[in-house]
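Below: a set of structures, written as structure tokens.
In what comes next, subunit A is part of two complexes: it sits with subunit B in the first one and with subunit C in the second one.
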Partner chain A sequence: MNSRVAQLLGRLPWAENALMLIVPLLAVAVAIDLYDNLMLKRILIGMFINLVLVVGLQLFTGNSGLVSFGHISFMAIGAYASVLLIMSPAKKVYTLPDLTGPLSQIEMPFIPGILLAAAFTAVIAAFIGWPLMRLSGSAATMATFALLIITHVILINAATYTRGTRTMYGLENYTTLWMSAFWAVLIIITGFVFRESRVGLMLRASREQQEAASVMGVNIVIVRWVAWVVSAFICALGGALWAHFMMVISPYTMYMHTTFLTVAMLIVGGTGSVSGAVAGTIAITGLFEALRAMEIRISAFRIAGQTAAGFTEVWLGVAMILLVVLRPMGLTMGQEIRLPARLRGRLEARTPKSEG
Partner chain B sequence: MGLMHMPGDFLNEAGELHLHGKVIGLSGEGVVGMMSSIEGNSDLSKLIVQRVTKDFAGLRAVDDVSLEVRQGEVLGLIGPNGSGKTTLLNVISGLLPVSGGHVLVGEIDITGWAPHRIAGKRIGRTFQTVHLFGALTVLENIEVAAVGVGMSRRRAGERAQSLLEEFDMERTAALPAGTLAFGQQRRVEVARALAMQPHFMLLDEPAAGLNERECDEMLGLLASVREKIGCGVLVVDHDMRLIMRLCDRIHVLNYGRTIAEGTCEEVSQNPEVIEAYLGSAEEEGEVVSA
Partner chain C sequence: MEWADFAELLIAAVSLGSIYALMALGLVLVFGILRLINFAYGEFIMIGGYAMWWLQRLEFGIPWGFVALFAVVVAIVTALALERVAFRQVRASHGPPINLLLTSFACSAVLQSLVMVLISPRSKGILYPPLVSADLTLGPLRIAAFDIMAIIVGGISLVGLTILLRKTFLGICLRAAADDFTMTRLLGVQADRVIAAAFAISGALAGISSVLYFARIGLVKPDIGLGPVIIAFFATVVGGIESLAGAVVGGFLLGFLTVGLQVVLPTSLLAYRDAFTFLIVIIVLLVRPQGLVPGRHIREVR
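Our next item is the complex of A and B:
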């Protein structure tokens, strides 16, 4: 058994890094599932969905070096598209009375529904990305930010499909703890596989040195575009999962705040590695929940008749600034997490000498 | 092998460097011998720069320059600072658009092509200031070039590994390229260009910034590359010793214009060259040997 693990680690160098992330995450999921605390469960589901979003964002930003503020628009499109595909026609009569045609009749099972919603979002991303991926640096970042605003305005005005500014309700709770854990693990693995793929390698090269990459045969626009579309697909999945976890969505819940939080998770953890995306998500989620618990306790005292409203946001902001100042390369410094040295040594001793 | 074998395909199935038919010496005879063996691929056997002009906002950096690099030949491109050498390399590799003239590989006009498309014609290059992918490992740096010309990830890995062995740098494979000593970074750049299986290589001052020992190593490396691979090489350098030892022919630029071309001897006796280039080389002599 051990030698088989060792073999796997020899063939897939990233498997070790992936296991170091996935095993603890699943262990926590099992523990909390057994402990059966509703609040902890909800926090964990939220964190797994954020993992999908942040690792999806890392797949683009980390490998290309382009910071995107636009990925939450794909989350929103994915969320609304999944609702349109999955919600039963009987419910749509109430929530989306103006909806006609096949969309009003369709009712897909959850997993095919979210996959189709993500595919639809990826197609949109493919069209948007074609011109966008020619930009670099701050121009690219500004363009993605504009995309976020445009998507938001469209969602608000496409009331037939989204209920506009009003909250969309009537969603089923499909995103259970294990559903969210499954997708988080799958997306983490995808993050590693993509990074080590041909496209991932070429994209990372273009991040480091554009001129050299292009004279080595890298078509920078294409490799960026592929990453953009794949990461849009993943963020759309995250949105669909999130919709069927919260059971209510509105264009406001998938806008600036979520963008800031996901980008902050990525930067705090370190954009350069999948481990960074995971570490940042865990750190910010933990911090956020701890501060919120404190806010509730402090508010209970009603010091001078005041609640502690805003306490969480202010200290979260302060903590983020401190983290970025103290670890500008991110919590993981752009590295992946490796097995503890002792365990590594034991496994390596068992590894049969590879052919190379 | 024989006629059907492309000179760029210097690695055999096992991923090892092999000699191109026979060992090619530095003598003209050897080069001629090899040239005849690749005449069969006439469509790709020459890199041709045809009356190329490049203007930067009123400044003419390259003025009506024509030259030819044949496969298996090393052409030196020399000239004082600012004479347009690097600009010409950037034009050939597609990083800068031409203002006039044409660049051809054999009969294919590659003028105006994007750099990655030109790379697909197997034109590799190195840079004057090292342009490695700093955060990527040394192995990955070389793999990028192999993958960039269409190899699978796996084959690219094998090729990169064998090139590192050839360059005696296996130990550095897993290190981030940016952490290497400067001399080693230069070697990685050459290895990276070779990973493309180039038909032509453009080397921009491969010895710049190297100390004397490293410079000798680089010279030895390039000489062995030249012997084993037989691709066409266009090399820019200030180090006349390197140029004289490496090149079959020399092309001299001054203020963007061709002022001389020919064999090393012819050029070094050309009075215009002596005035324009060797005159100013006295000042640069310190820099080169420093």
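Our next item is the complex of A and C:
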């Protein structure tokens, strides 16, 4: 058994990193499923969905070096598209009375529905990304920020499909604990596969030395574009999962604040690695929940006549700055998480030498 | 359209443009040196508004000039404080530049939620003297006194800033730092001081524009800073993020665009105005990534 694992690790160098992330995550999921605490379950589902979003963002930002503020617009498009595809026509009569044509009649099962919604979003991203990927540095960041605002304005005004500023309700709760865990694991693996793929390598080369990479024959616009479309697909999936977890969505819940939070998770963890994205998501989710739990306790006492309600955000902001000051290269220092040295040594001893 | 109507629109556009230009200048000053899009900049403006509200509530009938001055001072102090406790520490830790961006986001969130918790999530009214909201009649023209005030204050600030940047030692240091920060430091200019000065001036510009901005809308709420930061962002991108003149050009352009689209666009499309505005941002970035007024050095390749 051990030697077979060793062989696998020899062939897929990232499998070790992926397992180091996935096994503990699944262990926690099993533990919380057995413990069966509703609040803990919800926190974990939220974290798994955030993992999908942040690893999706890392796939683009980490490999290309371009900071994107636009990915939450893909989350929003994915969320609304999935609702349009999955919600039953009987409910659409109430939530989207102005909707006509095939969209008002369609009713898809959950998984095909979210996949189609994500594919639709990826097509939109492909069109947007084609000109956008020519930009570099701050110009790219600004353009993606503009994209976020444009998408927000369109979602608010396309009331026939989105209910505009009003909340969209009537969604079914499809995103269970294991549904979210499945996608989080799958996306983490996707993150590694992409990173080590031909396109991923070319993209990382262009991040390190743009001119050198392009002299070596890397078409920077195309490799960036591929990463952009793939990560848009993933973020749209995250949005669709999130919609069917919260069961209500509005354009305001997928705007600046979510952008800030996901980008913060990525930066705190370290943009350079998938492990960083995962570590950042876990750290910020953990911090947020711990602070909120503390706030509830403290509010019960009413210290000095003043409730502590609302201070969670304050402390979270302070904590983020502290994390960035203390670990400027990210929680995982841009590295992937590896097996503990002792265990690795034992496995490597069993690896056939011919694998090289 | 009669010429009088046109003149009125023109004055409205110039007045709006001067406010936007001031906002943009505050953002571009810090960007020039730190390469940082400071998202906490909108919070300087928000704090300025709350400073006015707080002073007015504290004591009724304080001379209005004093209230305005107080707003500017509070905005400067906020900017300096954030630079000292947050940005400087992050800079000293030698992380990737993206960490500064996260810091600006975090500062913005902290200030917003502090105001929300300590004051109120609901909006608060700010009083302005009746003169500001009065209409002046000049022959066939009816002009809001406020517009005249905005143009005068904006003009004085622009001239003041130009003198500061061109004639004083500090200004020369600031411009040199924006040109080539490493070289400037090698020549013996202290990085911390230059950056603190940039933040202070950025805060002052935010304070002045908050006085003008809140005269237009009359109330302040915790998330009010997002609007100005987006405006400033637009103006700097379109005008040219590398150059101060570009920020002014971009600010006035946005002023004219806002007033113009308001008149030209049919009501059904008016709701999409911001989408159009930001579409222009993307197009400008694609066609001229350095903006309409490029800086002298185009250093940023990646």
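Throughout what follows, the second predicted complex is superposed on the first by the 352 of 356 C-alpha atoms of A that agree within 3 Å, B and C clash if a C-alpha of one lies under 4 Å from a C-alpha of the other, contacts with A are read in each partner's own complex, and residues count from 1 in each chain.
Definition applied: contacts are C-beta pairs under 8 Å (C-beta built on N, C-alpha and C of every residue); 3 or more make two chains touch, one makes a residue touch a chain.
The structure displayed is predicted, hence computed values, not measured ones.
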Let's test your reading of the overlay: on subunit A, do subunit B and subunit C clash or fit side by side? fit
In the overlaid three-chain picture, which partner chain does A:Pro131 touch, first (subunit B) or second (subunit C), both, or neither? second
In the superposed arrangement, which partner chain does A:Leu316 touch: subunit B (first), subunit C (second), both, or neither? second
Between subunit B and subunit C, point out the one touching more subunit A residues. C
Which partner does A:Val325 reach: the first (subunit B), the second (subunit C), both, or neither? second
After superposing on chain A, what angle in degrees do the C-alpha centres of subunit B and subunit C form at the C-alpha centre of subunit A, to the nearest 10? 80
Looking at the overlay, what does A:Met202 touch: subunit B (first), subunit C (second), both, or neither? first
If you've got the overlay open, could you tell me the nearest Cα approach between subunit B and subunit C in whole angstrom? 12
Touching subunit B in one complex and subunit C in the other: list those residues of subunit A. 211
Contact residues on subunit B for subunit A in the complex? 93-95, 114-116, 118-120, 123-125, 127, 131-136, 140-141, 143-145, 147-150, 152-153, 156, 158, 161, 192, 196
List the residues on subunit C that touch subunit A in their complex, please. 35, 37, 86, 89-90, 92-96, 98-99, 101-103, 105-107, 109-110, 112-114, 116-117, 226, 230, 233, 237, 241, 271-272, 274-275, 278-279, 281-282, 285-286, 289, 300-302
Hey, which residues of subunit A end up touching subunit B in the complex? 196-198, 201-202, 204-205, 207-209, 211-220, 272, 334, 356
Looking at the complex, which residues from subunit A come into contact with subunit C? 65, 67, 131-132, 134-139, 141-143, 145-147, 149-150, 153-154, 156-157, 210-211, 256, 260, 263-264, 267-268, 271, 309-314, 316-318, 320-321, 324-326, 328-329
